[in-house]
Structures are given as C-alpha cells and as structure tokens.
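As written, the chains take the letters A, B and C, and residue 1 is the first residue of each chain.
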Amino acid sequence: MTEPATIDAAVEVRDLTRTFGARKALDRVSFDLPRGAFLSVFGPNGAGKTTLVKVLTTLTAPSKGTAKVSGFDVVADAVELRSEIGLISHNPLLYPDLSAEENLVFFADMYGVPDAAARVRELLVAVELDHRRLDLVRTFSRGMLQRLSIARALLHRPKVLFLDEPYSGLDPHAVEILDHLIEQIRADHTFVMISHDLAKGLALCSHALILAKGKVVLSAPREELDEAEFAETYRATVGLGVA
Amino acid sequence: MNRNILVLSMLVLGGVLTTVGFIMAFFFTPPVLGPAVTNEAGRILGYQPLFSQKIFYFHVPVALSSFLVFFFTAFYGVRFLMTKEKQYDTRAKVATEVTLMFVILTMATGVLWTRFEWGRWWVWEPRLTTYFIMTLLVIAYFVLRNSIEDEERRATYAAVFGIIAFIDAPISFAITRIIPSSVHPVVLRSGGGLTGSQLAAFLIGLFGMLMIAYAIFNTRMREELVHDRLEAVKAALEG
Amino acid sequence: MAGEARGLSLRQFKAILHKDIVMELRTKEMITSMGLYALLTMVIYQVALSQSGTAFDPRNIAAGLLWLAFVFTSMLGLNRSLVHEKDQGCLEALLLSPVDRPVIFFAKAIGNLIFLLIVQALTIPVFAFLFLQQGSYAGEWWMIPLALLAGAVGISGVGTLLATMSVNTKGKDFVLAVLFVPLMYPLLLAAVSATSAAVLGGDGSVQQFWTGMGMMAGFDAIMLLASFALYEFIVGA
C-alpha cells in the first residue's frame, strides 16, 4: 500500500460531476477539506448532498472529475478507500436479529479487523453497551441503536467519518449522547456531515458547504462565515429545492 | 436529414420486399409435400402439397428478426453497463419494444400454422414454446422497468435482465428440443433444404423484415431523442 | 498481498454465511414460511387430483408436482433472504466495507441453496407419504438427490441475482415471479425430465436422466457465470 501523496487533505474534490441523461446530481463540485476538519454539507432536498456522500464513499462512480478521500481515489483505489472511512447514518445499519456483539463481530470480519473480539469488547465498553452485548438489537432503544452504530462505524479505525443526518429522529437525550460521543472522537477523525438542521450543523462544523441543484453555492471555513449572511444564503437555496 | 431519408427508404423498401417475398411464396415457389395421413404409429400413407407451409415465408423471417433485434437489447445493455450513458439504455429499451412486436407476430403466425398443420390452435412445440417464453421474458423486461422509480437503477437492472434473458432464450430453445416429451405429434417432411426459388422468396422476405425492423427502431429512437432533448431544455430552463 | 486479500475474502464469505444461518436459526422465518407453503401446496394438489379417479397414478406427474412446489417455495425464500439485507440499510453497510461484490453474491447464493435443500429434504418425504403410497420408486436412490441439487443450484444462483433486483422494486414478490419463472423455464423442464425418469424408470430412463442432468449442468454453468459477472452492477445500483 502506497502512502498518500497529499498528507494534509482528508478530502479533495475536483470538478466532480455526476449526470444521468439531462439530470445533473452534481455539477462541477470542488472543495478541499484538511485533516481533522468537520465539514457540514447543507442544502435542500435533491441538492446532491446524498449523491456527494455516495461518490465519496465509493457507492456511486462520478461521471466526470475526481475525488480523493484520505489520499485514495474514489474510483481507482476504491477498496483501499473503504478501509479508511466509516458511515453513521440515520439508519442504524445493524441486523435486528443479531445481538450487539454479533453485529460488531460480523462487521469486524467484513473489515478484516485483527483481534476482532478484543476490539469489539473495547468499543462496547466505550459506547456503554457492554451490559447489553448479548441482547438482540431488535430490543434496543433509538439512542442505544445510535451508539451501537457509532461503535460499528469505528471498528476498523477509519480516518474519515461520514454522518448522514445522524440527528434525525433522535430524542433530546439521545442527541446529548451523540454530541458527547462525537466530541470524544472529534480529535482523531475528519468528519463530513449532511444536515438539514442549520443550527446543529453550524455548531459542530469547522467548514461549511451549501449545495443547490448540484452546484456549490458557498464553501468556507467556519471562522470566515458571517452567520446571518450564511443563514440568508441557505434560506435562498431552499427555494431552489425539488420542484 | 440524411438519416431521415435512409429510415424512410428502408421502411418503403422493407414493405416492398416483404410483399414481393410474400407474392413469390404464393405464386413462384413449388409447394412442399407433406404426409397426407399420419396415423398413430406415424406411418405415412401418402404425400400432398402443404398449403399451410406458405406461412413459412412470413413466419421464419419474423422469428429470425425478433431474435436479431433481441440481440440488440443485450448488446446495448452491455454498452450501457460499460459506459453508464443514458442513450444506450434508451436504445436497449426501443430494441426490446421492437422485439416485443416481432415475437407477438411470430406467436400469431405460429399459432395459425399449428392450427392448419395439426388442427389445433396450440401445440407445445419447441419453437413455439421458445417464443412463448421469449414473449414472457420481454414482457418481464417491461414489468421490471415500470416497477423502478430511480432512472439510473432502472437502466442498470433492465440492462442486466436484458442480457440474462438473451442468454436464456437459446438455452430454452436447445432444452425444449432435446428433452423428450411424449405429447406432441411428430411431423415428417419429405426432403430437406430449399429449392432456388424457395430460398429467394425466403431471403427477400427476411431482408424486407430486417429493413422494417431497422426503420421502426430508428423512428422510435428519434421520438425518444426528441423527448430527451425536451427534458434537457426543461432542466436547463429551470436551472 | 494476494494471499492476504484471499484470506480476507474467505473471512468475509464465512461471516455473511454464518450471519444468515444464525439469524435463520434464531427466527426460523424462512424455513417455517417455506415449509408451510410447501404443505399448503400439497393440499392444493390433493384438491387438483381429487377427481382424477383411482386408475390415475400420481407417479406419472410426481416430478412436475414436486418441482412446482419448489419453484413457489424458493421464490418465497429468496425474497425473504434479501429483505433482511434491505430492511435496515444493511446492504449499504456491506457495500461500504472492503468486500469484493462477488463474495456477497456467493455467500448469499450458498445460504439460499442451503435453505432450499433443507426445504426439499423436508418436502420429499411428506410428498411421498401423501401421494406415492402405491407403486414403487424405480430409479437408483441417488438419482433424486442429484437432480434436486442440480436444480437447486440454478434456482439459488440466478434467484439471488433476481431477488437482489426485485427487492428494490415496487412490487417485490410479484416482480420476482415475473422475472424468475420464464428465466427458469429451461432448467425446470430438464429437472422435471430427470426427476421423472428417476421416479418412473422404464426403457431409456437412465439415458433420459443423464440428458436432463447434462442440460441442468449446462444451464447452471452458463447462468451462474452470467449472474456472477452481472451481480456487481445490480448490487451497486
């Protein structure tokens, strides 16, 4: 495995375009994200947020342009790239008929995690689910599911974490827990989060990106943003949502 | 513009050729002799000209054309999977539409033929069975398309199914012929091969049919392309 | 590096298969629904044959009836096995891991094959008990299992590909049936021929059996190769 060429950029996107027929899901999107940053991606429904994350996580191939995550190209080095990333979604991505431990062991096998049992135990303790490790995931509350899905995402020690509206459908208590967990892992990971919630997204991020109709409307580090102006820009794009 | 003239001339020429082939079949080809009476044991008591055999000059060109057009469903399916360009999906879809038309024609003429040959409307005879299965596969292709919302997923699934279905059709043909079945009557023909005038009528009919297939394919493609362009203009105006 | 990758693929393959079996042993969802469905089919057969008179020997159509039951139960099972993956977005999680797509195909197909073989093994004695009490079985003992295996391989291989598609469509099980039955037609024809030769015996039955087996082997080889090659496109779409 070769060391990535550009060490400091966690995500590098150049003229990324994704089209199908006349429909443009992404239109010449470009941005850089340094390591350790937290990017919040905003935009109305159908703006291309999900497509962007799908391309960056290798689930969809770009039509034109390039994207690199952790120095690996999303097309050429897809397999290596997958070992570098984790996804936390609003969907738990866990099997309800397996226990917490079985779920984690299964995904540890999928990632080829060495010494899986110890790593699983360590994470179960970290997300405070060790006492429920033998219970079926079916019986878990929304908050517990979210914690377990974070453990799942961290199993293979990814460098870049993708968050796909992780807060949607969470009760206030679960939100608190999630905030706390993200705070804990914030230092050693780069984050890319899709969000509908302007306040939450802005509070967490170090960089912000607004997409509308597949195009970048605004991309800037947090400290350069004027909050009122930002909110205004965001609101303007909502009008550009799906027809 | 040149393309238009080509398509139009293909359509006219195809129409003329199929008609000529048909007329030749009736007036200029010697009749094929078939068994006059075939009893239970398959003993032939004599020969008589088979008038129903004339449908051969229409049925077989249609059947061959349908299979050839179906090949393009699979071909454009492969092209689509390689490039992910929407135009290939459109081409595959239109090719399958033309296939549907031709397999239905094949079935219809085949049913007429069995009616006169064996006195029954339907016989599970290998060729007819294969075309029946092919009709179902083509219908399944459109059922699949209609049950998927996402354009790109629809195109990918349709491409994969088109390829698999195209591979399945000849297997189906081979297996229906090889697997022994005790139900259908054995039809014996005197002699083999086609005489000169028979072959000429057949080939003229075949080329005519292929030209018609080409013309229909292109006409439908033009319609689709206009539609796509309209969508693109709409999208551009909105953005 | 290549050996390492192969080791990982094997570990992933085992993990998926193990997970499917553990989940099935826990819920017994597929086996119960498929088994019950097979039993219900037997009841329908009784109704269908109820007016055929005492002279009619069900052995003549036993092979056809059996395969009919397997076709319908296997569609039920195939649908279930992919719904599990789709429900909580788990398939997406699988695709995010560094797994070669064919590994997913093989693991799911082998899982489906195992469940189908279990259902076949349970159905055959019940069917024989209910319909084949008079008259004896003519072929060699290994003929039936061999024919069942060859048929089940094709059904689970192509079926896994088709179910992965149909689970993402609007009319899941209906779409699966529409795609599955015509594609499987040649395999079923050969399977019924081989099974029938084994049940009925008589002149040329051994040859008929091996012809059917050869056809099935050919179908399995070609269609499995095609499904294997095309699976990556389906699962990623």
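Heads up, the rule we're going with is that a residue touches a chain if its C-beta (ideal position, glycine included) is under 8 Å from a C-beta of that chain, and two chains touch if they have at least 3 such contacts.
Worth saying up front: this structure is predicted, and the values here are computed from it rather than measured.
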Neighbouring chains common to chain B and chain C, by label: A
Farthest chain (mean CA position) relative to chain C: A
Result of counting contacting C-beta pairs for A-B and A-C, higher pair: A-C
Closest chain to global C-alpha mean, per-chain Cα centroids: C
Cα-centroid distance, chain B relative to chain C, in whole angstrom: 31
Separation of mean Cα positions, chain C and chain A [Å, integer]: 39
Centroid spacing, where centroids are CA-atom means, of chain A and chain B in whole angstrom: 50
Overlap residues in chain B, where contacts from two or more other chains coincide: 152
Contact footprint of chain C on chain A as seen in their complex: 57-60, 79-80, 82-83, 85, 87, 89, 91-98, 102, 106-107, 109-112, 136, 152
Residues of chain B that touch chain A when the two form their complex: 84, 86, 151-152, 155, 228, 231-232, 234-235, 238-239
Chain C residues touching chain A - in the complex, by the definition given at the top: 8, 11-12, 14-16, 18-19, 22-23, 26-27, 84, 87-90, 92-100, 236
Touching residues (chain side chain A, partner chain B) in the complex: 20-24, 61, 63, 213, 243
Residue numbers on chain C that touch chain B, as the complex places them: 158, 161, 165, 168-171, 175, 178-179, 181-183, 185-186, 189-190, 193, 208, 211-212, 215, 218-219, 222-223, 226-227, 230, 233-234, 237
